[in-house]
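Two complexes come next, and they have one chain in common, subunit A, joined by subunit B in the first and subunit C in the second.
This part shows the complex of A and B:
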């Protein structure tokens, strides 16, 4: 009986430590990654897996069906909501131009005519452009009000 | 109070309730799981709460509904669990390794399915699988825009595009109607005949 107890304890400890380590790497990613989009990767994937592992470990350790059901609900809602919040934040970040374009290999959302010629780094959309004269020229060209002389 | 609402709105409410049966069952299940113990009182109060929530805070109905294919569903879930674990490990490694991450990419992929429900499932699972996160979904043109963490060259980009299409195929085979499975064979970009399952 006590053997079984110690085996489940070991499994629970391994799962809890592994989950805690994955949550730690999520925090590390937030510090080390260069921009919002890459940071949201760190905030969703290792973190969701870490929470799942902690839930499984806790289910082993707690041993009681009512606690297990609660942990299952936490896991399900974590997997349903984490992608949605990551998507909302990264979508806003992209539209506000919080993108390190120098770190992008390709950007198929903005190609050809729609390519962003004024903003190249991580700048919010309402920041003043680095070269106001060029920005004004580009803006007029986009609107078609520039005389073709 | 709910009886008065039903009498007032009449058959359309009953119709809506039948369409929202899966949602009602899910709410009752969540209520019972939250209480943690099984009893008739929990079941009845769960039904009352679920009815109250769906009547007072109505959502637009999901057009068509889902059909479940057990074998394809198991295949989708198996791939999903493997992807979830490998993506967690991969991203965790990229955060701790000294070199940091390489360059990223934003790609657009032309999808073939035209159903709100399937696109939702696809987007959720794509955000949890390795390296990709959904930024934008153009519902009219059925294109999805993803941010890819860590690509080295153009070959990596093409590989990710193929992975997205494979994931789409697994989702459609698990939850889609026969028409939608047939639409998988059409080359991307062609107009699909008939009504898509989109919310009006």
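This part shows the complex of A and C:
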């Protein structure tokens, strides 16, 4: 009995250490990777696999079904919500030009060849343009799609 | 067991510290959102590691709250930034927004090289 107990303990500890190691890799990737999408790629490693491993390890160590169900709830919730938040963040990142497009191999969202001509000044990355209506008008005029008015 | 707990907390703490570095450095708001998300996940993982190593089930409800909080926080900030979008130019991107700061610095570095 005690032998089986120690084997489950060893498995649980190995799972916990693997999950902790994934958290370390997430931190490393967050610091070293170049743009938002690659940082999300690094940061979501512990969000799914790390949390799953740590929950399984903790469920091995904790006796009692209530803790197990609650850990299962956390794991299921993480797996449901991680895609949603990742989708929203990456969509906003693409539309707000936080993506290193020169590093992309395939860019399926880019339909036209409208260039990033406007606003190359020293604005912070999150600043809105000074005159949104003027910017839109200039861009349409450059593309020749200005309605005649 | 002491070695294991030191190792696990060391790995988690280093990961959290690096996420904090990105949270401070991050050139854009979205980098900080991603870093905060990762930081909350690491905090939840640390709580679960504590619960597992000490056989202490009292912190398990906190895990549920922390994972809920991470989701709500990142989604609300993403929606807030998305609300600042103006119009699309047809290339799927927003009009009149500046080039990302990291893209600019990386391009200048590549030119210098």
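In this section, the second predicted complex is superposed on the first by the 109 of 149 C-alpha atoms of A that agree within 3 Å, B and C clash if a C-alpha of one lies under 4 Å from a C-alpha of the other, contacts with A are read in each partner's own complex, and residues count from 1 in each chain.
Note that a contact is a pair of C-beta atoms (placed from the backbone, for glycine too) under 8 Å apart; a residue touches a chain by one contact, two chains touch by 3 or more.
Every value quoted in this text rests on a predicted model; they were computed, and no experiment measured them.
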Partner chain(s) touched by A:57 [first = subunit B, second = subunit C, both, neither]: second
First, second, both or neither for A:66, with subunit B first and subunit C second: both
Which partner reaches more residues of subunit A (counting touched residues only), subunit B or subunit C: C
Touched partner set for A:28, first subunit B, second subunit C, both or neither: both
Touched partner set for A:17, first subunit B, second subunit C, both or neither: second
First (subunit B), second (subunit C), both or neither touched by A:40: both
Which superposed partner A:106 touches (first subunit B, second subunit C, both, neither): first
Interface residues of subunit A shared between complexes with subunit B and subunit C: 21, 25-26, 28, 34, 40, 46, 50, 66-67, 70, 73, 84, 91, 94, 109
List of subunit B residues in touch with subunit A within their complex: 30, 33-37, 84-85, 87-92, 94-96, 100-101, 103-108, 123-124, 127-128, 130-131, 133-136, 145, 147, 149, 151, 153-154, 157
Residues of subunit A touching subunit C in the complex: 12-13, 16-17, 19-21, 23-28, 30-31, 34-36, 39-40, 43, 46-47, 50-51, 54-55, 57-58, 60-64, 66-67, 70-71, 73-74, 77-78, 81, 84-85, 88-89, 91-102, 109-114, 116, 118-121, 123-129, 132, 135-136, 139, 143
Residue numbers on subunit A that touch subunit B, as the complex places them: 21-22, 25-26, 28-29, 32-34, 37-38, 40-42, 44-46, 48-50, 52, 65-67, 69-70, 72-73, 79-80, 82-84, 86-87, 90-91, 94, 103-109
In the complex, subunit C residues that touch subunit A: 4, 7-9, 11-12, 14-19, 21-22, 25, 27-31, 33-35, 37-38, 41-42, 44-45, 48-49, 51-53, 55, 57, 60-61, 63-64, 67-68, 70-71, 74-75, 78-79, 81-82, 84-103, 106-107
